[in-house]
Amino acid sequence: MVLLTLMAAITVGVVRLRNLFAVVVLGGIYSFLMASVMIVLDAVDVAMTEASVGAGVSTVLMLGTLYLTKTEETRPAHTPLLPLVVAGITGIALVYGSFALPPFGVADAPIHMHVAPYYLENSLRDTLVPNVVTSVLASYRGYDTLGETAVIFTAGIAVLMLLKGRRDVKPGPKRKRVRR
Amino acid sequence: MRLDIVFRVAAKMFIPFILVFALYVQFHGDFGPGGGFQAGVMAGAMVIFYAIIFGLEAAQRIVPPRVVELMVPAGVAIYAGVGVASMLLGENFLNYSPFAHDPAHGQEYGILLVEAGVFVTVSGTMTVIFYTFVGRGR
Amino acid sequence: MAILEQTVAHYNHWVMIFLMISGLYIVVARGNMVKKLVGLGLFQTSVYLLYISPGKILGGTPPILGEGLGPYSNPLPHVLILTAIVVGVATLALGLALVVRINESFGTIEEDEIFAEEDDT
């Protein structure tokens, strides 16, 4: 609960700050907090991934982009009133909906009734792998993981296509600086 | 950064352990938390760390971009190849049962192979993305 | 007392909702492309929380089987989110690559300035 509150506090910082460098560093802290929350919620595999991906690789990529672009955000031209109202209404609707959800941590919630007991009971017999997450990931739901791997492959190829090769500097109206 | 001896020595000490830990996470994923995704990201992070401390050229001498770009499709090929192999052995696509004398052992080997494919793709993609971003900046 | 009970039972949902609407607000209200991607990441992590937190059983252990352990928390959301995180960083990298290209051809990553420049030409 303390961790979740800390995460909410960091989110306020992310929303308010205008220096993108600070925002990215706060994002790294946020990811580490998220990883701690995942450990508390018994998702050790997810925590490991979040700590290495969210706090490690994506922070480095964001900083690399900031190095290539610029680190200060301009003041927004529009008033943020309309987005605020939209976000507020969405939030109220979601809170109203949350009362119908099963309370946190009970063992007889619908999510624990369907396929999860099958995985937990049969994983060791079917695959000899005690870590159920691994056996579900690679064996029971192997198609999913093949698809995810293909998505990562596609994203890697797309980044290569966008950024590799010569930077074509074309003079003309497109390249002129914009007035502030 | 390049001249800072503390960083260089510390990096030299850390990097082998990061690589060993990534391989541990990869092969111990059956018994504890871990697996191909996490290990791949860690291996990619090791290359990124090395490139940050010692410069992009030094990193690309050790892990050439050509190899990394080959790793990206190779992992998917390993994964799909395991599926095709199981089909050729008379089972459904991605059903690993016929890989060993009894189905459960077959599943274990299949999971190991598939995780290796995931590892190759993920580590290759992370490294390749970092190389292209940094290569753009100069 | 009833309010306190509701708070304990739904605190995870409420924090999740707060993170989600903050991400939504950043994506809609801010013109800076990198900030928009950060907001998208916030929204994404709130979805991770939405998936993982119902899978927890109070007093449960991580789903790694062993003698005398249990009950185990639900492994299925862990699997789904595990892959979602890695796919998330791949798509984030794609978005950042697009931002870099936009910066190269327009000289800015602010939405309003790009629109102004489009109108000029």
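So that you can tell them apart, the chains are marked A, B and C in the order they are listed, and the count of residues begins at 1 in each.
We take it that contacts are C-beta pairs under 8 Å (C-beta built on N, C-alpha and C of every residue); 3 or more make two chains touch, one makes a residue touch a chain.
Being a predicted model, the structure only gives us computed values, none of them experimental.
Between A-C and B-C, flag the pair that has more C-beta pairs in contact.
Spelling it out, more C-beta pairs touch across A-C than across the other pair.
Using mean Cα positions, find the chain sitting nearest the overall protein centre.
Located nearest the centre of all protein C-alpha atoms is chain A.
Can you give the whole-Å distance between the Cα centres of chain A and chain B?
About 21 Å, centre to centre.
Roughly how many whole angstrom separate the Cα centroids of chain A and chain C?
So the centroids are 4 Å from each other.
Chain B to chain C: how many Å between their CA centres?
A distance of 25 Å separates the two centres.
Which residues of chain B are in contact with two or more other chains?
Residues 31-33, 35, 37, 41, 122, 125-126, 129, 132-133, 136 of chain B touch two or more partner chains.
Which chain A residues sit where two or more other chains touch them?
Residues 44-45, 49, 53, 57, 61, 64-65, 68, 130-131, 133, 137, 145, 152, 155-156, 159, 163, 167 of chain A each touch two or more of the other chains.
Which positions in chain C touch two or more other chains at once?
62, 64, 82-83, 85-86, 89-90, 93, 96-97, 100
Mind pulling up the chain C residues that touch chain A in the complex?
6, 8-15, 17-22, 24-26, 28-32, 34-35, 37-38, 41-42, 45, 48-49, 52-58, 60-66, 71-83, 85-94, 96-101, 103-110, 112-113, 116-117, 120-121
Inside the complex, what are the residues of chain B that reach chain A?
Where chain B meets chain A, its residues are 25, 29-38, 41-42, 44-45, 48, 52, 69, 72-73, 75-76, 79-80, 83, 94, 96, 103-105, 107-108, 110-111, 114-115, 117-118, 121-122, 124-126, 128-130, 132-137.
What does chain A use to touch chain B in their complex?
Residue list for chain A touching chain B: 44-45, 47-49, 52-53, 56-57, 60-61, 64-65, 67-68, 125-131, 133-135, 137-139, 142-143, 145-146, 149-150, 152-153, 155-157, 159-160, 163-164, 167.
Over in the complex, which chain A residues touch chain C? Could you list them?
Residues 1, 4-5, 7-8, 11-12, 14-15, 20, 23-24, 27, 30-31, 34, 37-38, 41-46, 49-50, 53-54, 57-58, 61-62, 64-66, 68-70, 73-74, 76-78, 80, 83-84, 86-88, 90-91, 94-95, 98-99, 101-107, 109, 111-112, 115-116, 119-120, 123-124, 130-133, 136-137, 141, 144-145, 148, 151-152, 155-156, 158-159, 162-163, 167, 173-178.
Chain C touches which residues of chain B in the complex?
Residues of chain B touching chain C: 31-33, 35, 37, 40-41, 122, 125-126, 129, 132-133, 136.
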